[in-house]
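To start, the structure under review is shown below, and the notes come after it.
Should a chain be cited, it is by its letter among A, B, C and D, assigned in written order, with residues numbered from 1 in that chain.
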Amino acid sequence: MIETTIIEKEKVKMKNPILIEGLPGIGLVGKIAADHMRAELKATLVAELYSPHFPHQVIMQKNGVMRMIKNRLYLVPGKKNDLLILVGDVQAITSEAQYEITGKMLDYFQKKGVKLIVTLGGYGTGKVMDKPKVFGIVSNKPMIPDYKKYGIIFGETRGSIIGAAGLLIGMGKLRKMPGVCLMGETHGGIVDPKSAQAVLEVLCKMLDIKMDLKKLQIRAKESEKFAKKMEAEALAAKGGTPPGKHDLSYIR
Amino acid sequence: MIETTIIEKEKVKMKNPILIEGLPGIGLVGKIAADHMRAELKATLVAELYSPHFPHQVIMQKNGVMRMIKNRLYLVPGKKNDLLILVGDVQAITSEAQYEITGKMLDYFQKKGVKLIVTLGGYGTGKVMDKPKVFGIVSNKPMIPDYKKYGIIFGETRGSIIGAAGLLIGMGKLRKMPGVCLMGETHGGIVDPKSAQAVLEVLCKMLDIKMDLKKLQIRAKESEKFAKKMEAEALAAKGGTPPGKHDLSYIR
Amino acid sequence: MIETTIIEKEKVKMKNPILIEGLPGIGLVGKIAADHMRAELKATLVAELYSPHFPHQVIMQKNGVMRMIKNRLYLVPGKKNDLLILVGDVQAITSEAQYEITGKMLDYFQKKGVKLIVTLGGYGTGKVMDKPKVFGIVSNKPMIPDYKKYGIIFGETRGSIIGAAGLLIGMGKLRKMPGVCLMGETHGGIVDPKSAQAVLEVLCKMLDIKMDLKKLQIRAKESEKFAKKMEAEALAAKGGTPPGKHDLSYIR
Amino acid sequence: MIETTIIEKEKVKMKNPILIEGLPGIGLVGKIAADHMRAELKATLVAELYSPHFPHQVIMQKNGVMRMIKNRLYLVPGKKNDLLILVGDVQAITSEAQYEITGKMLDYFQKKGVKLIVTLGGYGTGKVMDKPKVFGIVSNKPMIPDYKKYGIIFGETRGSIIGAAGLLIGMGKLRKMPGVCLMGETHGGIVDPKSAQAVLEVLCKMLDIKMDLKKLQIRAKESEKFAKKMEAEALAAKGGTPPGKHDLSYIR
């Protein structure tokens, strides 16, 4: 395997799908939101993405079965638009890897006729907010008024969007696919389900769907635990943690 | 040489081969077990694997002849199943390299009709055990009962398997090749022939073969010495050890 | 996207174009000069260059629209020679990336019939000069007398030219495209519009054009601000700045 | 330029050439020996090798002309065997790069009918010797007696040969090209023309040629100076030396 590969679970027809991305990132805001959405909407797994740029590890599951590290695509049928939800264990960490993986994803989205790319993430401010705002950035200026009406704030964010949340929209634009990035206001140093909730509330309005948010906290805990484990092992794999000292639950 | 290359020593027909992998890893458990197996079963060298992802060094042998760093495949004829044993000097250290090399290996295994992939390794616990357990992880859930009866313990390991021991099974599964990873309980910070012995005992039952274990300790010493030398030189190659100070037996 | 891509805005015919390069580098001398030139001469955007070797970030603009990180090519029609001005947000940081990107640029320049490559940069001396000199280096010895007459000093610089300013000329020479690098004397540790001005004055003589230099200082400030932000975020992206501490205006 | 490229200066026929390699390495032993040989034997430049794995720098020469970083091949006509001498500014520093470059070199050597590969280097012992020994390592055991008679010592070196001196012979063997590596005993932490002289004396006997060694010291000084400059700039390019502090004679 020398390049990123998307394996389709079953040939499935999609109706004007809207892509919703929520991979691990700042405050895990996007990941928590998308994972919750996938579970609540009982989405069906339609494709898996494997990449040589992901860690060279396999995950040992409680049931004695291993599984590879991957990203997954889930489908939710809709009236006007199906939803295609992108979630995953990790994002690649080098530029070259991110561009390659994003390119492969966009190839797939184009083939499936994706009409809009929505990416979810956090916007770090260093402060804990009681009512986190939701900021937006679009690929094309004329889109802004359409999204302002859902309470998304434009023009107040500065700097860069790092990783898939930005590249999917930036590279999508080169292929004439419109996109919007929703960023929940967040501290930046802690896992933030409240920010994820704010993003989801706006997203539900945007997509005109309903979603129960009761289990969000529980799912956020699981995401945090998994993310910490992945990080610890990534460190260990690089020789960061000497065996016999800290976390030893790995083999190589 | 821009990609990993497997050079077959001689065109050899194999009978439903079972792959046994034992490359360097935690506690050198897998390497010691597979090296011993290869020697005791008088296996025949059938193929060599070279990779641009291995260190750019050649090894100076005592007899005045150099040899490249490589992985090797050995064959042992069997009644129902031949054994194909994979051993080697090193594993690659980046994700991209591990995925590429594993892919090339699986290409070869598929061509040779490999029926089962068995990988050997250690599972670090930070403790020294008198009677190390042998843990297992499979590619497919229905396989578990078959292996439980040999005393392999399932469902008690957490975290990830790093490197070839995990990827061969994870990527093998994508090609519909079933696999099981056997992990000997080990401290994690020391070379552990006792854990390798526990793994071999279970493996002999599984494969219904006999093997003398007397020379295991001696071979483990050799493996440890070689592994330490490789590590020291890898460091030196990166400028970690200033010439004239520590180990100087290298040239570049 | 697995390789650098140049997207032409419109098919445009060029008349014996001279390439002027000014990407970020020491003292931002080349960038300030080329950015100013592009603005003053009201150059037209003709092509954009995207690369997987650039940071995997997109920039959030004040107007609520994101844009990718890129290099840009602008055209100024001339009597004998059109000017093709190369400016950009960043340079790639690895050798492999620089060689790949430079190769792609030269492919494009050859197709467009570029007659001469002029690269702009700074030459660090550790001193602040009142009247910075302009040093030159050419691809072919017979070119030197032609450039000496504009006050460019040859034979007084030592060492290497790192990045695009050097490689464009070095690799251009392999394709028989002549080139000259103009280096403004500069301290090396500070942004230096005065050095950029010295380079521009020489360049105007060389190209026989006039250019207003009043806004140079203002544009230099903007360049400095942008460059610092890019650097801070590149650091943050690598985990250099812990979230919640320094600059937090990024998302990933 | 995405891969290593060898550009032939002129189509030249070679008579059973013997390759002599002397690139920068421990104690600069191989480089000093090969550079001296090239100069004394008035060898003709026949090919240049450029690589994206070399530093992304061009060298500013005293005469105001830049040149790219490269390796060079020189030819000396002989009675029975022509000599093909490989010298250069640098070696690549990653494994992948070394394997790729060595592969490209061997392609060229095969096309030119190279009969024997001789690589030159130092063998670090941490001691300064009055009469440095010359150690050898061959690709094939039967070659040893032939070389022992020239005073080359076999079987006393341990560890690895890092870089081109080892890989050229290791990878050459895979293509059935025999090779021998000559290593001059050297301290390891200092530039060592005396060790280079010992290697050259043995080499002259081996090749049955004569060579004046008077200018060896002077040339060694030049090599040392150049190597130090390259290293300082490589550091600077990586941000190791802040501009305005140490060596500032570079631009980027």
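Just so it is clear, contacts are C-beta pairs under 8 Å (C-beta built on N, C-alpha and C of every residue); 3 or more make two chains touch, one makes a residue touch a chain.
Fair warning: this is a prediction, and the values are worked out from it, not measured in the lab.
A.B. asks: Starting at chain B, find the fewest moves between touching chains needed to arrive at chain D.
C.D. replies: 1
A.B. asks: When you check each chain against chain A and chain D, which touch both of them?
C.D. replies: Shared contacts of chain A and chain D: B, C.
A.B. asks: Using each chain's Cα centroid, which is most distant from the centroid of chain A?
C.D. replies: Relative to chain A, the chain with the farthest C-alpha centre is D.
A.B. asks: At the interface of chain A with chain B, does the proportion of residue numbers present on both copies reach over half, so same, or stay under half, so different?
C.D. replies: Because under half of the interface numbers appear in both copies, chain B and chain A meet with different residues.
A.B. asks: Using mean CA coordinates as chain centres, what's the gap between chain B and chain C in Å?
C.D. replies: Here the centre of chain C sits 50 Å away from the centre of chain B.
A.B. asks: With chain centres taken as the means of their Cα atoms, state the distance from chain A to chain C in Å.
C.D. replies: Computed value for the inter-centroid distance: 36 Å.
A.B. asks: What are all the chain pairs that meet the touch criterion?
C.D. replies: A-B, A-C, B-D, C-D
A.B. asks: Okay, in this complex, where on chain D does chain C touch?
C.D. replies: Residue positions touching the partner: 1-2, 7, 50, 52-60, 62-68, 229, 233, 236-237, 242-245, 247-252.
A.B. asks: Using the touch definition from the top, list the residues of chain C that touch chain D in their complex.
C.D. replies: These residues of chain C touch chain D: 3, 25-26, 91, 94-96, 98-100, 102-103, 121-126, 136-141, 144, 154-155, 157-163, 165-167, 169-171, 173-174, 181, 183, 187-189.
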